[in-house]
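Next, two complexes with subunit A in common: one pairs it with subunit B, the other with subunit C.
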Partner chain A sequence: MRKCLNLMLVILLFMLSLLLAGCQFKDVDRRAFVLGLAVDSVEKKEGQGEGGGGGSKKHLVQVSLKLAIPEGDPTKRSQEAIIVSQISNSIPEAVRLLKSKVDKELDFSHCKTLLFGEGYAKTDIREMSDWIARRRDIQLIGHVAVARPTAKEVLGVRMISERVPAYALILSLGKEGTESPFIVSIYSYNFRRHLSEIGADPILPLVEKEEEDVLVINKAMLFDKQRVRAELTANEARLYNLLKTQGLRTSFNVELDDNIYTYNMETTRAKFKLLKSEEGKMIVQYKVGGRAVLEDNSKSVTTTGPILEQVSKAASKQWEKEIKQFLVKIHGTGLDPLGWGLRYRAISWNNETEEEEWRKLYPNLEFSVKADVRIQYSGMIR
Partner chain B sequence: MPTKPAEQRVDEWLSKQLCGLMDFEERSLGNSQDIKIIFLRSLTNSDTVNRFIVLPSYEMDLEAYEKYLSTFPGCEETQDKQQIMEFVLKGYIYIRIEDSSYLFDAMKIEYSGITSSITEAIVQGPNDALTENIEINMNLIRRRYQSKDLKVDAMTIGNVSKTTIAIMYDDTRVDGEVLKEIKSRLSQVSVDILQSAGELEKYISEHKYRIFPTTIVTERPDRVVFNLSEGKIAILMNTVGYAIIAPSVFNDFFTAMDDKIQLPLVGWFMKMIRYIGLFITVTLPAFYVAFTSYNPEILKVQITLLIAGSRAAVPYPSFVEVVFMLLMMEFLIEASLRLPKAIGPTATTVGGLILGQAATQAGLVSNIMIIIVSAVAISNFVIPLNMMAFTVRVLKYFLIFFAATFGLIGIVVSTVGVVMYLSGMRSFGKPYLKMFALDGSKGKGEKQNG
Partner chain C sequence: MVKERYYYYLYLINALINIINFVPRVLTGNRFEGALMSIFVSVVIGSTLLIIFTKLISRFPGEGLPQIYADFPRVVSIPLLSIFAILWYVSGAVTLVSFVDITLRYISPDLSPLYAIIGYLVLVTLCSRLTTESILYALEITIIINVPLVTYILIKALFNPYLSWDAVMEVITHLWTMPKYSSIAGATFIFTGYVNLAIFNRAFHSMKPRHLWLIPVSGLMILLITFLVPIGYHGTIGVEHQVYSWFSTADSIRSEFFVVERVLFIFYFTYLSLSLVTAVIHWHIALELIKSFFEKKDKKKSNPSSGSSSMNSSSSSSSSSNSSDSSNSTKSSNSSKSNKSNKSNKSNKSNKSSRDRTTSNRDWWILAPMVLATLGMGIFLDQIKLELVGQWFLYVRLPGELLLVASVFAAYWRRKKRA
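What follows is the complex of A and B.
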C-alpha cells in the first residue's frame, strides 16, 4: 500500500512537472517561419558590416528574409509578410544579427525559396551554397534561383494571387502550380551536387521583377563551379527543358508556304549518345522527338494527311537547326549543364585518366541532332 | 401422530434459521393440518404455490398427495439439512409430509425479457441480446447452434452470490488446451460477489495490470454462436446479460457482426475503416503535439502557418492544450453516459457549444485542436467492441506523453513499443497479435473469418 502510494506520488509529480515546459520548448507560435531567403552583394562602404569582427572585409553580403506572420483566420484573404535584411560580411553572421530584429525564433524549416541576387551570383556563390547545405533546418528540397535586379527586391514582390507569403515563388519555381516550359526547375540538392560534380555544371532559373507585383521567370543562368558564366534566353531555356526532361508541355511554331503552323507537344523525348568519330573526335548525338497536335494555322488551310506530313518534316528540320545552334552556344561557353562529361565518365573504363581525357576532348566536341516530330490532327467537328 | 424427532428438527431448525426474514412463510396445510410448508415469499411464485401445493392438499389424502408431488419435475425428496437450506434460499418450497420432506421448485425469476442489443448495435441482422437469465441465454444460443457437440459445463462462482456459470463449447472444434486452462482458472476464482462479466474477465486473465482485453465481453448471441463455431469457448453467467468469449485476439475486437452481412469487398473496406479509425484516434493528438512543438517542417507551409496563427492566442504549450481538450471530451462522454435520459441532451449541447465555440473564441485552444478532438472522439467509436474502445481511449495519452517529450521520434518509438507489447501478449496461450485466434485447419472456422 505504502509502495503504491509512493508510486502514485512519483507519477503525479512527474505529470505536474510537464506543466513547467520552460523556455526551450518552442511551440509553433513562437517561431518565425522564414519562407524566402535572399542574398545580395553590397558595394563596400565605410561603416557598414557591423558585428563582422573586423578581419578581412573582402566582400559584404546583404541577407534578406521573408517572414510569414501567421494568421489564425483562414477565411481572411491574404497573409502578411515582413522582410528583414542585414548587411554583414558573412551569411551566418547576418542571420545571427537578424535574430535580434524579430521577436520569435527564426525557423528555416519551411524556407523553400533561395535567391541569389544577380550581382552576388556573378561574384561567388560558394559561401551561400555551402551554408545552405550545412544548415540543418534548411531542407534540401528548396528551389534555388537567380534574381534580377536584386534578390531583395524580387523577394519583396507580393503577387496578388498568392495567399501564403512567397508561395508564388515556390509554386512557379517548383512547377507545382504553373507548368511553364520556360522555367528551369532546380532543387537545391541538385544545385549543390552540380557545384562539386565533375562533368556537370549547375544551371539556375532567373527570376526577374517586371512590375510592382509581377515576376517573370523564363530565362536561365549557366554557372561554372563558382559564378555565372552565361545567360540563356527564354527560347533557349525551353530548349534546355526539352532536352533535359521527358514529356515537356509546350508548343512550337513552324513556317511552311507562308503559313505559320502552331503545334502543341503531347509527348516529347530526348536522349543523347556519345560517339567517337573517325578522326578521334567526340560526337554528341541527340535524338529528340515527340507527338504533337496541330493547334492552329494562320491561314486556316484545310489540314489533310499530306499537309500534316509536310508540317511534321518542316518542324523536325527546324528543331534540328535550333537545337544544334543551342548546343553549339552552350559548348561555346565551355560549360556543361547537360552532363555530357558525366556520361563520358560513366561509360569509360579508364578511371584514372578519364577526367584529363574529357578535358582534352571537350573543346573539339561535335554535335548532331536528329529530330522526329509527328504532328497529328486534333480532329474537329465541322 | 407418529413423527420422528430428527425430522421435527429439520423444519424447526429451518424456521429457526429463517424466522427473522420479512418474507419468511410457514404454513400448515391439509384437512388434518399435518402438511407443513416453508418458503421465502419473495423468491417463489405464489400462483404456483396456491395452485399446485395449497389447493390439492385439501382435495386428496396424504398418500395421494405425496405421490402427486413426486411426479413433478424439479421436485425431490431429501433429508440433507444443508441442501434444504440452500434450495429454500434459491426459491424452492420445503414440504414436510409425515416423515418425508420434499423440495418443490416454485422459483420466481424476474428478468428483463429479451431486448435488442444496445452496446453492439448493427445495421442488419438479428437484434436479440442476451438476458439476465442463463436458461434463456442458453435457449437463445442453442436455437442458433443446433448440434449435439455443443457441450455445456456448469459451475458456481461466488461464496455469497452463488452465480451459476456455464462454459459452452463445441466439443469437436474446441482447443483442448485452452479449455483446460479456462476451467482451471475458473476453478481458482474465489470471490464473494460476482455480478458482471467484466469482473469475471478480470479474475481469469493472466496479468493484473494490462491494458488490452484478452477476452471479448459481448451481449450478442449471434457473436457467441459465431465464435463457438470457430472453436472458441463462451462463458455464460446467470444474472448477467453478457457472455465472455475466449481466447480472443486483437483482430476479433475489430470484427462487427455486420461484416458477414456485407458483401466481401464492402466488409473489408469497413474493417479497414476501423483500423484507420484506430490509428487516427491513437495518434492524431500525439501528432498535433509533435508537429506544433517539434517538427513543423513536416507539414505544408499553409497548415503550419494556420496552426501557428490559431495558436497565437493560446498561452500554454501544445500538450497542455491537447490534454485539456481531451479531458473535456472524456468528461463529456462520461457525463452523457451517466446522465438520466431526460437531461442527456443538455450535456451534449452545453459541451458542444462551450468546447467547440467558446473555448476557441476565448483563445484557450486553437481551432485546429477542436477539429482534432472531434476526429479523435468520432473515430474512437468506430471500434465495435466497448472493451477495446475504452482501452484505446486510455492508450492515446501514452502516445501524447512521448510526443510531448521526444516529438516525432517519441511517437515512432512508442508505437513500436505498443506493437512489441501486443506481440508479446497471449490470450489463453494464443498469440494476441495473430490475425485469427485459432487455426483455420478446423474446417468451417476459416471460411467464416471476415
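What follows is the complex of A and C.
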C-alpha cells in the first residue's frame, strides 16, 4: 500500500515536470522580441496615426521598435532585425497599432534599450517615463538614453561589431562591453527616481549617430522634471562620472613645462559635503582624488620622483579648476543632477522648512573643490 | 515531537513574508509620519508579546489553544476560538490573494485570476490537512532553501552603487515624529510568528528556546531593510508610486552572473514558496481551531477514558489524513505519518473507520467555505480594495494578538489557582 503510494507520488512528480517546459501559451517562434524601443515626437501633420484621433494634433509620437527574429546560431552574424514604426497620439496606442504590422506577438521582456528622440526629450518625457515604469514586462534595469538626430535613426544603426541586434547599445550603455568614461549609464529605475525626487534631477546619456554604422555616446543631457534643459559636453560627462562614481577608469592630461603628461587613473574617489559659510551661504565642497599611473609624456622626459610630484600637483590643480568650472556651469542651469538638494534634505533635521530653506540657498551656492591626484607610477619605463 | 529550532522557523517565515502582507505599504505610506519611530516601538512591543506568550505557552507542554481553553466555560472559549480562527483564516487568505495579484502582475498577465487562485488553493487546502509535524518539516525545508536566496538578493541590493543613501538618510531625519497606530500595527506583524504556537505547540515537547535576544535584533534589521531599501531605490517620493515596492526593488537589482539577470524572477519564486507555506500554516491553524469545536462533542459521545487530550487530537488529525486515501482527493497525503497510527488504525478498524471518514469529510466541510470565501476575495477585490483589506487585517491583528496573550494568561492563572 505504502509502496504503491510512493510510486504514484514519483510518477506524479515526473508528470509535473512536463508542465515546466512552457512558453506561456505562445512558443518562441510566434514571438517577436523587442530589443529596443524608440520614441520621437512628430510635428508634421501628414503622417497622422491611423488609430490616433485627429483631435489632438499637437501631441503625436512616433514609436519605433527593433524586433529580433529568433533563429539558429547566435554566434554567427546572421541575425536579422527589423524596425517597425508607427505614429499615433499615445505610446500604448502606437504599440497596439504596431501589433498589426508584425505577424508575431510582441514581447517586451528583453527590451533593454529605451531611447527618447532629441525632439521628444525637449518637449515632454513624462508619458514615456510613466509608461515604461507602469508596464510590468519592461525591466526596471533597462537603459534609458536620448538619441540624436532621432531615436528611430539611432535604433536603425547596425554597428559592424554587433552580433546580436541592438546588442551594441546594451553593451555600451550598460558599460558591460566598453568601459568608456564618457558614458553616463542610467538605469530606468534610477531615471525614474530622479524624476520624482525632490532635490535631484535626472541626467541621461546622449547617443549620436555619426555615420551610417557608427554610434557615438559621449555626451549627456540634463533634465528638469519634464524636459531637457542643458547638454553636457564629452569632457563634462566624464567629470560627471568622476564625481558620481567611485573607481572610474579614465585618463587625463596635464601640461607642465611645455610638456604634456597623460596619466591614467587606477582608482578614483569623490564625495561632497555641504558646509555653511560665515555669510550664511552654502558651500558645496567636493573632495576628489585617486591614484594614477603615467601613460605618456610628449617629450619623453625621464620621470624622476620630483617630476612625478610636480605633475601630481599640476594635475590636482587642473582638476580643481575644471571641476569647479563644471559645477558652476551645472549650477547655472538651475538643475541638480548631482543631488545636492537631496543631501541637504538628508542632513537637515528640521523637516518642515528644509525644502523652503534649500530653495533660498540654491541660487547662492558656492563651490570648492579639493583634488588630490597622486601619480605614483611612471609605467614600465622611467 | 520536534526540536526547538522550529520555533525560530515559525518566527522567521512570518518575518520574511511581511512584504506580501502590505507591511512595506503601511510603512512607506507613513514614512514622513513616524514610520521609523514606530519600527523601534514595535520592536519593543512585538518582542515583549513574543516573550510573554512563549513563556506562557511553555507551561502547557504539548497542548494547543483548544486544550488550553478547556478550563474556560464554552460560552467564553467558543467565541474566542472563532475569532482567532477567522483571524488566521484571513491572514492566510490575504497572503494568497495578494500573491495571486503579484503573479498576475509580474508573471502571467494573460492568466485568469480564477485559475491562479484555484491552483494555489488546491495546494494550500491539501497541505493544510497534514499533521502539524509534517507542516513543520516542510517549513524547515522551505526556509533552508529560500533563506540563502533571500540573503543573496539582500546583499546584492545593499551593495548596489546606485542605492541612494541620501534618500535613506532623508527618511531617517524624520525619526522624531509621533508614530501612528497604523504603522505600529504594520511593523509588529513581523514578530507575529509566535502566535502560530497556538496549535504548533502540540508538536513541541518543551518550549524553552535559547538565544531569544536574536529575535528583537533580527526583527529590527528585517524591519529596517524592509522599510529603507525600497526608498534607496525609488527615492523618497517615488517609493510611494510603487504598488509592490519590494517587487519593484527586486526588478531594479541586476545580477550579471547568477541564474538570470532579472533578480525579479528569483525573488518571485522564493516568495512564492514562502507565501504558500505561510498560507498552509495559517490555514492549518484555522482548520484545527474549528475542528476543536466538534472534537469536544465527539469526546462526550464516545467518552474516551484513555490518553491525554493532546494525544487524542494529534492522533485524530493524523488518522484523518490517512483515511483520505479512500476519499477521492489527496494523492499527496503525508508520507510522514507515523506507523503507529497506521497500526492502531488496523487494529480497531471496524469501529474507527466510520469515524475517520466523518472527520475527513468534516475537514472538507470546514475548508469549503474558506476556499469559497477566498475565491470571492480573489475575484471581487481589485488592487485598491485588496490593499485596504490587507491593511485592515494588519490593524485588527494587533488587538487580536493582545487578546490571545491575555486569554492564555487567564487560562494559565485559572489552572494554577485550581491546582
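In the analysis below, the second predicted complex is superposed on the first by the 341 of 382 C-alpha atoms of A that agree within 3 Å, B and C clash if a C-alpha of one lies under 4 Å from a C-alpha of the other, contacts with A are read in each partner's own complex, and residues count from 1 in each chain.
The criterion applied here is as follows: contacts are C-beta pairs under 8 Å (C-beta built on N, C-alpha and C of every residue); 3 or more make two chains touch, one makes a residue touch a chain.
Everything numeric here is computed off the predicted structure, so don't read it as measured data.
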| item | value |
| --- | --- |
| Contact breadth on subunit A, by residue count: subunit C or subunit B | C |
| Partner chain(s) touched by A:I260 [first = subunit B, second = subunit C, both, neither] | neither |
| First, second, both or neither for A:V10, with subunit B first and subunit C second | neither |
| First, second, both or neither for A:Q139, with subunit B first and subunit C second | both |
| Contacts of A:F33 with subunit B and subunit C, given as first, second, both or neither | first |
| Contacts of A:V214 with subunit B and subunit C, given as first, second, both or neither | neither |
| Touching partner for A:D107 - first (subunit B), second (subunit C), both, neither | first |
| Which of subunit B and subunit C A:V301 touches, first, second, both or neither | neither |
| Subunit B versus subunit C as contact partner of A:I82, first or second or both or neither | neither |
| First, second, both or neither for A:G339, with subunit B first and subunit C second | second |
| Residues of subunit A contacting subunit B in one complex and subunit C in the other | 25, 139 |
| Subunit A-touching residues of subunit B, taken from the complex the two chains share | 291-293, 296-297, 301-302, 304-314, 317-320, 366-367, 401, 404 |
| For the subunit A and subunit C complex, residues of the former touching the latter | 2, 5-6, 8-9, 12, 24-25, 133, 136, 139-141, 176, 187, 189-190, 192-198, 200, 245-246, 339, 342-343, 345-349, 351 |
| Partner subunit A, residues of subunit C touching it in the complex | 32, 105-106, 108-110, 161-162, 164, 166-170, 172-174, 176, 233-238, 241, 248, 251-254, 256, 261-262, 264, 325, 331-333, 335 |
| Touch list for subunit A against partner subunit B, complex | 18-19, 21, 25-29, 31, 33, 35, 68, 70-74, 79, 107, 109-110, 112, 137, 139, 163-164, 167, 170 |
